[in-house]
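Quick one: the structure is below, questions incoming.
To keep things simple, chains are lettered A, B, C and D as they appear, and every chain counts its residues starting from 1.
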């Protein structure tokens, strides 16, 4: 059993970790911290978990010794994980950060977008970007994993095969992305109220989104030519799910894109390349760690559709997938339940 | 033209007043105040109103002289209207309060439920409860109107004909009420987030809701026998609309309930008694001031369904209906647009 | 491994059975029939199941031999199961019917409400009503189980403890029930379109619903005094979930209702009596077989709230729970995943 | 008063025409036909219109003489208007077709996409494409107006200013469009059920949509260089609203795009160019005839966001705008109500 600590367990990624780990055969959640809810029983805050974590209560971060854990998940705002990373790593605890502290390689870029100084550039340097489909072996050995953002996961899964193969114009990528409202987190903001965001649709962060530098960095790592990306996030009137519609100009028209994707993801347990002509919907992956991909071509434009559950493959599920790799467990442990449809 | 001031224009009842008054032939909105948004143009906060109020900006309450208005609407939290009422009334300004300051006759009951001392019991005593279908003539002459709550409007429209006629057991009324999320106001609360409240349904305030004493007070005024009410509000995963399902034990089985309702509301422009066997849906009144009522009978139980738009007949529309009465305008002025369906 | 056949696998209860059984440790789905989709691969119709049932295709009912199955689920319209029951039972196959053929004891009542002659009254007589909380031992031995309707499950879980204890006026029960749209099935009807049923709320079947006689029959079986029920179903603008708000007049005010419910359901794996003062929401059981119950009292009125997922505890999950009992498996096998929240 | 006939009044564009015309000062709806609902009162089918059209009933197409009307709207499936056009036009009746019969100039293209022979190529030749912002003067004089499709309206409003000015690469236009479910019409299809399409998002018609040739034809008319368009429609889990996110490569970087759009649409009553940096949401135009546009630039890519209500500016509202032009009424008559928010 992997002894697990969760820092910041009251947000959506935190409760999603709890949901997934409740069915995980090798997970033992020992501690969960929350500054605001210390003393509250987990099941009193989340009655959906009654019967699953009846003995677990949130504890104050300062009063919680996490050094006896094997792994600590940070389901916190940006900046929390890097502040505690050194102490935990020194104690032999491995870290999976679901925020952005260990995603951006270039400290200055991190500091520009996240408006805070990085606490441990050396640990950042050794940390691994936790997208298993591209960094599986390094994740196995990592002490610190920076779990990818939800949008970046979808954009990378869709663009990387094309960039690796050098078949598109990397300087003019377009990602038109749509996310359910849970992607914004469990925080009280007027714009996310049901009465504001339901029966409504809009683009947002149209002048710049934090997932842009993260995505560009990772795409660039797979491309021999310079990457430039236009990324437009939109807010869907629903809870879970991301659908990214990706466009790129094809530079090598002779290549069979469908075959390219099928070859790239053959054997991947959580990436499903759909048959030609498909249009996957977000509910086909609801509450599941699977991403589904459809590849289309219109003249000299490649159009790739990627769907994922932003809280699972886009956050907590991918984090558990990383944990499985780090601890030598079957990569799919705890992640095998079928998507919830309808 | 009626010169209008709105205090507290950034909530849902405030913006709904603006929407309705934009099409009102005799309305001239002169001022709109907001403590938090002073200086902001109305159309910058609510782009839906671009082209309707381009010259109007929110002003600070303290810096706004409302005494030149004919009428001031208070679309504020409870307690604001009563603090300003005396000064306005003294200046000859009439008041329509969309909060609860002038709804509860018994000051001690008000103070118990709203946790504040009433600022002007004498003005409360002269104020009129603004449900035109029951108090039309008094509203015409009122200096201060307490605009009814959304749930209470629906419960009164459904129960009063039965109570007036003395055909039900008034001591065991049951109101199972369901409201869209806009009824909770435009305030940032986790429980009202799309990711919390959509694709979900629950009862709330199950141990007591502020609309209970208001409703009981008014129902009692129409009943010769003591009224006791069980009232269960529920939160619907949608924006607008209230549907109240009302149950009462019939004490005079010989009475034709359908005929009773049709007679009671004959000629009412905003109460529509549906044909026997009907099940009105909330969208049939969406964005409209109409309430629709269906009357059913199961053995010795009367079951009455009432639908209204909580922001219109349940708030801003009823307030405009009251204004029309107070200023001798056609009662339906500004309130004639057809409901929005689908 | 239990060898399983599913008749009529293209509706919501059918695909929900597939979803649940995909995670069941002892389930082997051997055959699934569909008149309309014979030849279609299951995963082509339901891409959410890709990777779970890749080798399974719908077969024509007439061309499918189900006699080698241990159990056959009927996820069909009413009338299909009774037509095939005798042949299957004779071959030693046990049957779980998710439609109404084996729910109503009185053949004439069945025929009145379902407008067809019952094909096998003798098998109906031996069949068992599949609500494990009340009929567990008989279900274990049953050859044919009539799986309860979704609304009736919720109403029985909430009313039966009160009726058994004789603490309410059984002649005036009120059930104000609200269901997500999946309860109406996966059939093309204008009234169930997103553009009709979302952002909307209504009562329906206000003059009589088929779940009324089923519920009355079962409630009566637990009551020493005559049962009469007013049942109002409503359509919620969401996919899954039933919330039933139940009202009854208390006849023995000295009884502690909370203690009564806790005692009645102690040890039940799928019935969760919430702490006093609770208001469970439907998402707290989403995609799970758990029903949660809260008990309230307003004067001499008992108010009980029951939530369940209509497709799980209200249909496919309860069917699997019944299968587990019938085959000596752990009652919770395949049914332990935590609810999906948010 | 304009004497109006509506053919096919039971779909969403039909009932939306009725809703809008109910508030139109110069509209007199004389007849409304429906093959399936002949004899049904309009208000019995659409209770939202009770009090607005109490005397109006659907009549059988064959039994309805529309020649005394001034104008007939066709809110029908494709193919109906062209079959009746000659008789009506000969009788001096003007026609506004909300279907596709008079949108596509090239008969062979029409016949390829709509799978039927065109009934009156000569009338097609004289008909006018009813987008007032581009064809106002010709619409005033038209006998037959082909009312634009919902998606094409949004794409044209966003692309035409750029094409007219010759500032983008017209050969590589990308339109990533998202529509509410009412765009698919009021027809019973499984894929449009609330239980299928809500809490879900997907692209559809990914291999070709009928609005593609219509849009290309019109865009080409405004472009000196050849137009090629990638158009991806998506289905939003909501009722009303289209948001189109348009991308194009800028060829003349020195041009101020914001100024270009403001100049192009100056004085237009129904096109609102938002301030720089804006992200209009669909609810800002809900139930209104206004389209709002925001212009952005990312490097050498222009990104234009257009929102409209697909049933108003995308269908019935634009049709009424056309009628106003054709009959010399104020262009905004009946179309001035503020959008419904929240």
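To be clear about the criterion, a residue touches a chain if its C-beta (ideal position, glycine included) is under 8 Å from a C-beta of that chain, and two chains touch if they have at least 3 such contacts.
This is a predicted model, so every value here is computed, not measured.
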The pair out of A-D and C-D sharing more C-beta contacts is A-D
Note, CA centroid farthest from chain C's centroid sits on chain D
Can you give the whole-Å distance between the Cα centres of chain C and chain D?
45
What whole-number Å value describes the gap between the mean CA coordinates of chain A and chain C?
36
Please report how many Å separate the Cα centroid of chain A from that of chain D, as a whole number.
39
Of all the residues in chain A, which ones touch at least 2 other chains?
12, 180, 182, 186, 195-196, 198-199, 237-240, 280-281, 283, 286, 342
For the complex, give me every residue of chain C touching chain D.
12, 180-182, 184, 186-190, 192-199, 237-239
Where on chain D is chain B touching in the complex?
12, 15, 18-19, 22-23, 46-52, 182, 186, 198-199, 239-240, 272, 274, 278, 280-281, 283-288, 290, 292, 311, 336-342
Tell me, which parts of chain B touch chain C in their complex?
172, 174, 176, 178, 180, 195-196, 198-204, 206-207, 228, 230, 232, 234, 236-241, 243, 245, 247, 249, 277, 279-283, 286, 294, 296, 298-301, 303, 305, 307, 342
